[in-house]
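Same chain, two partners: chain A is paired with chain B first, then with chain C.
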Partner chain A sequence: MTSTVDILVFEVAGVRFAADASQVVRIDRAVDEASVGAPLGMPAVGLRALVFRAGDGGLRRLDIDKVSGVKTVAIESLRRLPPPARVGHVPIGAWLDGDEAVLLVDLERMAGT
Partner chain B sequence: MFSLGDLQLGVPSQNVREVTRMGPLTPLPRMSAAVLGVVGHRGEVLPVVDLLRFLGVGELKPSPRARIFIGVAGSLSAAFMADSVIGLRKVFTADIWPAPVTGHVPAELLLGIVTTDREGEGAINLLNLVRVLQSARQRAVAR
Partner chain C sequence: MSAETPENPNQPPAPKKKGGASKNGSIGLLPLTNALKAAAKGDFSARAEVERLTGESAEVAALLNQVLDQVANRNTEFEARKQQTVQVVDQALDALIALVRQGELNRWTSSNTTDDPLLGPLLEGFGKVIETLRTFVREINEAALRLSSSANEVLAASTQHESSSTEQAAAIHETTATMEELKHASAQIAENAGAVARVAEETLESARSGRGAIGEFIQAMQQIRADSAAVADSIAKLSKRVERIGTVVEVIDEIADRSDLLALNAALEGSRAGEAGKGFSIVAAEMRRLAENVLDSTKEIKNLITEIREATAAAAGAADASKSATESGEKLGSAAASAVESILAGVQETSDAARVINLATQQQRTATEQVVASMAEIEDVTRQTTQASKQATGAAAELTQLAGRLAELIKRFKAD
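Let's turn to the complex of A and B:
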């Protein structure tokens, strides 16, 4: 039996990223509130925000361009990033969508960047 | 052997797993300019390195002839972009000259320099891919 995980796929500046969907509290409109900055690059339009709970229990916002959807993917399709591409803790891995590597991010850890 | 900008470079064949076209490139945030991003290749995620930027001698201008070769050294592997792949050459170790300290490519990243009798092929910088991959890893960690 194949283990699966739900990931939320989103875009920032034309690049697709994914996060564990269980980390996302809600998807919100972007507002002028303090967020976690732009660890994935500056959003091109920044109309949406992912709201998630940080390790200290507080809510944080990550401004993004758009949400592509939630996908249920096999654990086997997730990969660690190879050493020369592993920088800091954002991103933490990749989901292989065919030949395309979609970067996986850990939202909770991102709150500490 | 492959060409990269004005450079002709060689890599020991035991350090090359495959030569192929590049698939969709995913750029990485906060990454050194020499690492262009990652690609998915045969179920593996590989960093893509622009050797010109890595060596500090320019940057690659992608063309339809551009290829990547998958370089391996121990547990490390990466995809390296090349303008074009020249081919496979047999080189005698006696024909490998020490790398000049003042050359375009840092001497510590070279096994040496070889020259061939073939027309259009001048001096070829023979890369020490083990050191290149280790250096790429160290630079990434240092950032």
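Let's turn to the complex of A and C:
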């Protein structure tokens, strides 16, 4: 039996990203100057915000352009980046959506950066 | 006296003639006979030799000598008178000859007089005749001079008149030629004036048609303006409705966005619920798909509304422009109507003036033709006048010559 995981796929500045759906508390509308910043780049429209819980237990917001949806994907379709590539960086791996690789981000770590 | 003293003893005796004695030694009446014979021959100087006679013979001889003395004295007086008469007659003849030959009337003067009672009246009459002739000559000379002067003046005047007549004839000829050209020009002008009148009438009709067309144009502009106002009103209503649609679409879009957000969170909750939430996640996904469809539709509607707004704005602008254009058109039409009215009035005046000009030129042409005919008659009369002036000049010249000739003839008579 194949193990699966739910990921939330979203877009920032035309680039697709994915995050562990369990890290997202809710999806909200973007609010000015409430985001953790723009670690993934400046949103083009910034209509949505991902609300997630940081390591200190507090809620953080990340403004994004668009939420593509919640996908249930196989573990095998996920790849971890090598440790040198992950140190100090938000992307921790990639989800292979067919021929396209979608970067996986760790929201908690993003809140710590 | 000697006759009264024939026997004067102191008187010397008469000389004895040779052979005068008679045969008996007496001389008888021989001294008387000799004296009488001499007297008979016209010799009144001979005298009878009284001393040779005696008695009555001596007395007769003395009386004879006295008679002969008286005859001699009378004869001497007669000769003197004869000489005087001849002298006076010669003077008169000289005066007549000088008058006849040289025309001199000054030879005879008032001093030519005589004591002869018979010749005196004749000389007096001759002098009166000469004086009368002098008076005549003086008057004739004066008249000849005046005549010559007057003839010269007449000649000068006639020459001047001839020259003037010639110049006048030339001027009239030129005037006639000019009037002939003027006649042709008048005919051309009359023809052109007629053409102008016709064109003016046509222009008047065109102007009237133009006035009607401009009236129709103004009505059309007014209709277009009314239609444009209606269109603008419809566009405004449409714009309002579009705005209303936009508001509704905004509401729908808001609802769809909330639905999308709600569906996303529902899907997120479904994933948290694990296997139990799969159905919920499917519903959430479907809801989200519907919401996205709605958002896509509202986006398309928004685009359409934007296009409609742009189109209505453009239509409103076009309507405003059309309104402005129609207003401008109306103003221009009104201005054109005023201009056409002015043109019409002007053309009417032009047409009237052209008709008047046409009539005037017709009259002018007729008058010019009459003037040309009159000028021809004047030219003919002037030609005759010139000919008469030439004849008068010739006559005046001849008169001047005759006056000069008369003056020359009169000059031959010297009255002073």
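We take it that the second predicted complex is superposed on the first by the 106 of 113 C-alpha atoms of A that agree within 3 Å, B and C clash if a C-alpha of one lies under 4 Å from a C-alpha of the other, contacts with A are read in each partner's own complex, and residues count from 1 in each chain.
Following the convention adopted for this analysis, a residue touches a chain if its C-beta (ideal position, glycine included) is under 8 Å from a C-beta of that chain, and two chains touch if they have at least 3 such contacts.
Owing to the predicted nature of the structure, the values given are computational and were not obtained by experimental measurement.
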{"item": "Contacts of A:70 with chain B and chain C, given as first, second, both or neither", "value": "second"}
{"item": "First, second, both or neither for A:100, with chain B first and chain C second", "value": "first"}
{"item": "Contacts of A:54 with chain B and chain C, given as first, second, both or neither", "value": "neither"}
{"item": "Partner chain(s) touched by A:30 [first = chain B, second = chain C, both, neither]", "value": "neither"}
{"item": "Superposed model, chain A: greater residue contact from chain B or chain C", "value": "B"}
{"item": "Partner chain in contact with A:6 - chain B first, chain C second, else both or neither", "value": "second"}
{"item": "Contacts on chain A seen with chain B and repeated with chain C across the two complexes", "value": "none"}
{"item": "Residue ranges of chain A in contact with chain C within the complex", "value": "6, 8, 21-22, 24, 26-29, 48, 67, 69-70, 72"}
{"item": "Residues on chain A engaged by chain B in the complex (per definition of touch)", "value": "15-16, 39-41, 79-88, 90-91, 93-94, 96-103"}
{"item": "Interface residues, chain C side, partner chain A - complex", "value": "261, 264-265, 267-268, 270-272, 281, 285, 288"}
{"item": "Residues on chain B engaged by chain A in the complex (per definition of touch)", "value": "23-24, 26-31, 35, 37-41, 43-47, 49, 76-78, 133, 136-137, 139-140, 143"}
